[in-house]
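A, B, C and D label the chains in the order they appear, each numbered from 1.
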Amino acid sequence: MNRDISILIAGGDMRQIYCARRLSGDMKIGLAGFDDEFIPMDMLGSRADISAKGCYDCAVLPVVPLNGSDMLSTPCSRTGLRPEYIRDMLRPGGLILAGKADDRLRRLFPENELLEYMSREELCLKNAVPTAEGAVQAALEELPVTLNGMRVLIVGMGRIGTALAAILKGFGADITAAVRNERGAAKARLAGIKSVYTDHIRAEYGLVFNTVPGLVFGRDKLAEFGSRTLFIDLASKPGGIDFEAARELGIKTVWALGLPGRTAPVTAGEMIAETVIEMLSERSDIP
Amino acid sequence: MNRDISILIAGGDMRQIYCARRLSGDMKIGLAGFDDEFIPMDMLGSRADISAKGCYDCAVLPVVPLNGSDMLSTPCSRTGLRPEYIRDMLRPGGLILAGKADDRLRRLFPENELLEYMSREELCLKNAVPTAEGAVQAALEELPVTLNGMRVLIVGMGRIGTALAAILKGFGADITAAVRNERGAAKARLAGIKSVYTDHIRAEYGLVFNTVPGLVFGRDKLAEFGSRTLFIDLASKPGGIDFEAARELGIKTVWALGLPGRTAPVTAGEMIAETVIEMLSERSDIP
Amino acid sequence: MNRDISILIAGGDMRQIYCARRLSGDMKIGLAGFDDEFIPMDMLGSRADISAKGCYDCAVLPVVPLNGSDMLSTPCSRTGLRPEYIRDMLRPGGLILAGKADDRLRRLFPENELLEYMSREELCLKNAVPTAEGAVQAALEELPVTLNGMRVLIVGMGRIGTALAAILKGFGADITAAVRNERGAAKARLAGIKSVYTDHIRAEYGLVFNTVPGLVFGRDKLAEFGSRTLFIDLASKPGGIDFEAARELGIKTVWALGLPGRTAPVTAGEMIAETVIEMLSERSDIP
Amino acid sequence: MNRDISILIAGGDMRQIYCARRLSGDMKIGLAGFDDEFIPMDMLGSRADISAKGCYDCAVLPVVPLNGSDMLSTPCSRTGLRPEYIRDMLRPGGLILAGKADDRLRRLFPENELLEYMSREELCLKNAVPTAEGAVQAALEELPVTLNGMRVLIVGMGRIGTALAAILKGFGADITAAVRNERGAAKARLAGIKSVYTDHIRAEYGLVFNTVPGLVFGRDKLAEFGSRTLFIDLASKPGGIDFEAARELGIKTVWALGLPGRTAPVTAGEMIAETVIEMLSERSDIP
């Protein structure tokens, strides 16, 4: 990669800072949207330079780029970061990489090509690892018993379910996967665990990880389980658990979103950097 | 499933007999292309009845349906099985399920709908398990050393590579995956093993499993490894190893094709049966 | 077991309450040294009854029975618990079970037989599980990176080291055991991991678990590692790390004592109960 | 180690040849009791030299040193090897290392100190690895189904049982340990598997590994299981299975003795060599 390429890392949580650190080995970096107290000492010199206005080839925006008021999401800064700033700093037609790019974002940057790094399969695969580790950490923190010997249900045998199965096997948990079809059952077999069809789940687990977005645990199903079971939901909104009902039934739930950024920001940031490098290397227009 | 449906299991190896046994719980079965000595006692009564001519709803053909002379593949019979026989036994327009259906097969059964059970993803996923177990069995048989502590390379992190990784981790092998891109590297990470790019493989492994079809180990690469390494190729023709060169270099290779049928015929047959049931249940024309 | 046997659970942390709950299925229980707010609702009826004075067959004291001023250790009570109370409640010659019984304890109960439940091998084996889980939880909490792919050193391949190895393998960590002799190396091999002799440890690990009591990581060795490595010490006092030097060198250390009681009190309490039942069942003098 | 020490490797199977090869890096080697066709080309020069009569410091005898007629056990030679030969080749008072040394052996070598390398704990621990791998290989060869998903019973959680559990977990088997006390149950928990008391074993397993020497599976218990279960016995004579009854009941059994030497002779031989080196290094009388 041409070391003369320059990238603006604008907004986001600690992941973006570690992403920037990793990128700084291969290209020129400018950090924006981070108060100094969040920037590691050795990266203070990488703050974006306003004199480089109009010079950045590319901007890397957060995983969830915008907050509710069309400003960049900047949890590591007391001041806001406006889209205009990014437009000003980029060279005309500069590329924008964001975790997800919805219509709102596209309207804010009509002149720029937008690419989504979170739609890259390799990043989703890699992200499953810190997500699963974070989910297991949550279980260890919330449970007064060992995972060893515990009956655990994993709903969904996609990437995260598969990663969870591997980790929980090491703990000596007694694991079952809830699946929706023979394909899911085959994946459970490959992971070396038992499986049950989702509509035949019985209330016999002390710990349930949900990884599928649709509602799996409604009020009636939750009532069967009762307060002895911990539910950890890893699915994006609206999640697979009726949280309202769970609260009323006294059932403990953890809705674990954005785990990679919270429990393993260095690894998660480096994964984003690796994907950014891959995405840029596939383009002929990047010097 | 309607228990009145009748299926002709015609030709194939022991897998097809165990497939038939499993199906016999759900439907009427007729076995053809198996000499009596291969048929378990309790299934002798399920031999196809010539008086049922024109009555079978469906025929299940072998994974590789035809031999070189356009006869059904019948390794468990001294006499041949001609396509005409199957056409005669099926009801008009009866369905045919074969592992793979090429043009040759289609020309032999122009009046019948042909479906391929080996193109079903759930069967490919399930088959990875007996394939990986058979490959590990081959390694145990061929090697005068333990897998424990051995440096093992798995080329390709698809289904079979992933299944191999899980098993070999249990043995305490020191495993590396050879991958072609970041997606493969991410899959190795998910499987909890190291990875290396395929074009950077170094000759430092005592055991190599190849799972990808293109040539990975040509003469020069094999010469680097030398006769201390065992190569097990699981890829379909032409395989990933230059076997000719390997022989000349005194390098031990195992080309392990059709493992599920050889090392775990009961499991492999039941997997085919499960897929057949699934495929029939998706059809509205099956009673 | 005779259900008429009565046991006084006196002092200790939450483990002892869960131990009591488990014992309450098999015998009569009296709780002392716990303020009401720590006692689960369904066990409030099991508080020791002063009218049962002189009637208890046996007392179960905490893992570490005494505090610095010769009172029972009662972290779940604002008021103290004096040895006299226990002497009064026990029948003459009643049995006392404590985690460890030192001379100080023996002098306080000269008329009673004292047995140590923590010297039972089965309890030490069982305790290794919550200890290892707690140690991994600490690592997950302290590290900003994933355990997946991390180079981890486990010093000592006793029970806890072996339990750690099994869990960390599930995470896909790259694990090495530091051992002192061929016996340790053989245990590492059995656990499916690499080993290195303790005096040849190199500073190449991001995470170090110490399980052996003698000093392994002195100032010089720590300086080699530097602040990039997290040290978790599971050995009882004085531990295997020069904590003073680590602090001066800016190296992060966690001294994780009493993990079972803190991270999995229910499991740890039930393990004590199982051992108490086993110890009582071996005695002919217990009714 | 002084490279001038000379060792006579006398008799035994292929293990002893690989033991000799490994030792040849550290000391002078003489091979006796092997016909040339069994000796690898590069070791033909290491055949014992009759002119070195009376000069060998030490003799390494086989794991089971004697055959029924008081000759050395020499399965790799058509001619016998008499004890006198060894006495002649050793220097006066030379040391003898044998796998096991019984009274018969001691009577044949009254002038020599005899040490047993198979009583060294590190070698027993190490040997558990090739033993477990060989047992799993036998299961893979005998079973027409996959280990994945199979209910497996391991009787005994000593070294071999523990090694088996680790390997079988990788296969995705559903494993239970049969144990005799809480210590065994604790070891199963540490290995991350379920346990059942030996006298409560139910006939619900497709595969049983026995590792304990006393009779566990008598005629009545075997009859409960029936011919659907494969029994693999790893215990030394008389083993834990009533083989006579099993044969009559049509139950398949494998009595797998001496597995390390058969399935992984190189690894097993190197393990003996490592132990021999260790034993010699502990002695002050060896130069």
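Keep this in mind: contacts are C-beta pairs under 8 Å (C-beta built on N, C-alpha and C of every residue); 3 or more make two chains touch, one makes a residue touch a chain.
Model, not experiment: these values are computed from the prediction.
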Shortest contact path, chain B to chain D, counted in steps: 1
A-C or C-D, whichever has more C-beta pairs in contact: A-C
Approximate Å spacing (C-alpha centroids) for the pair chain A, chain D: 51
Distance between the centres, which are taken as Cα means, of chain D and chain C, whole angstrom: 37
Residues of chain B engaged with two or more neighbouring chains: 129, 148, 166, 169-172, 189, 191-192
Overall pattern in which the protein chains touch one another (line/ring/star/complete/other): complete
Contacting residues of chain D [partner chain A, same complex]: 148-149, 169-174, 189, 191-194
Chain B-touching residues of chain A, taken from the complex the two chains share: 121-123, 125-126, 128-129, 159, 162-163, 166, 181-183, 185-187, 189-192, 274-275, 278
Residue ranges of chain C in contact with chain A within the complex: 14, 18, 129-130, 133-134, 136-137, 140-141, 143-148, 166-172, 263-267
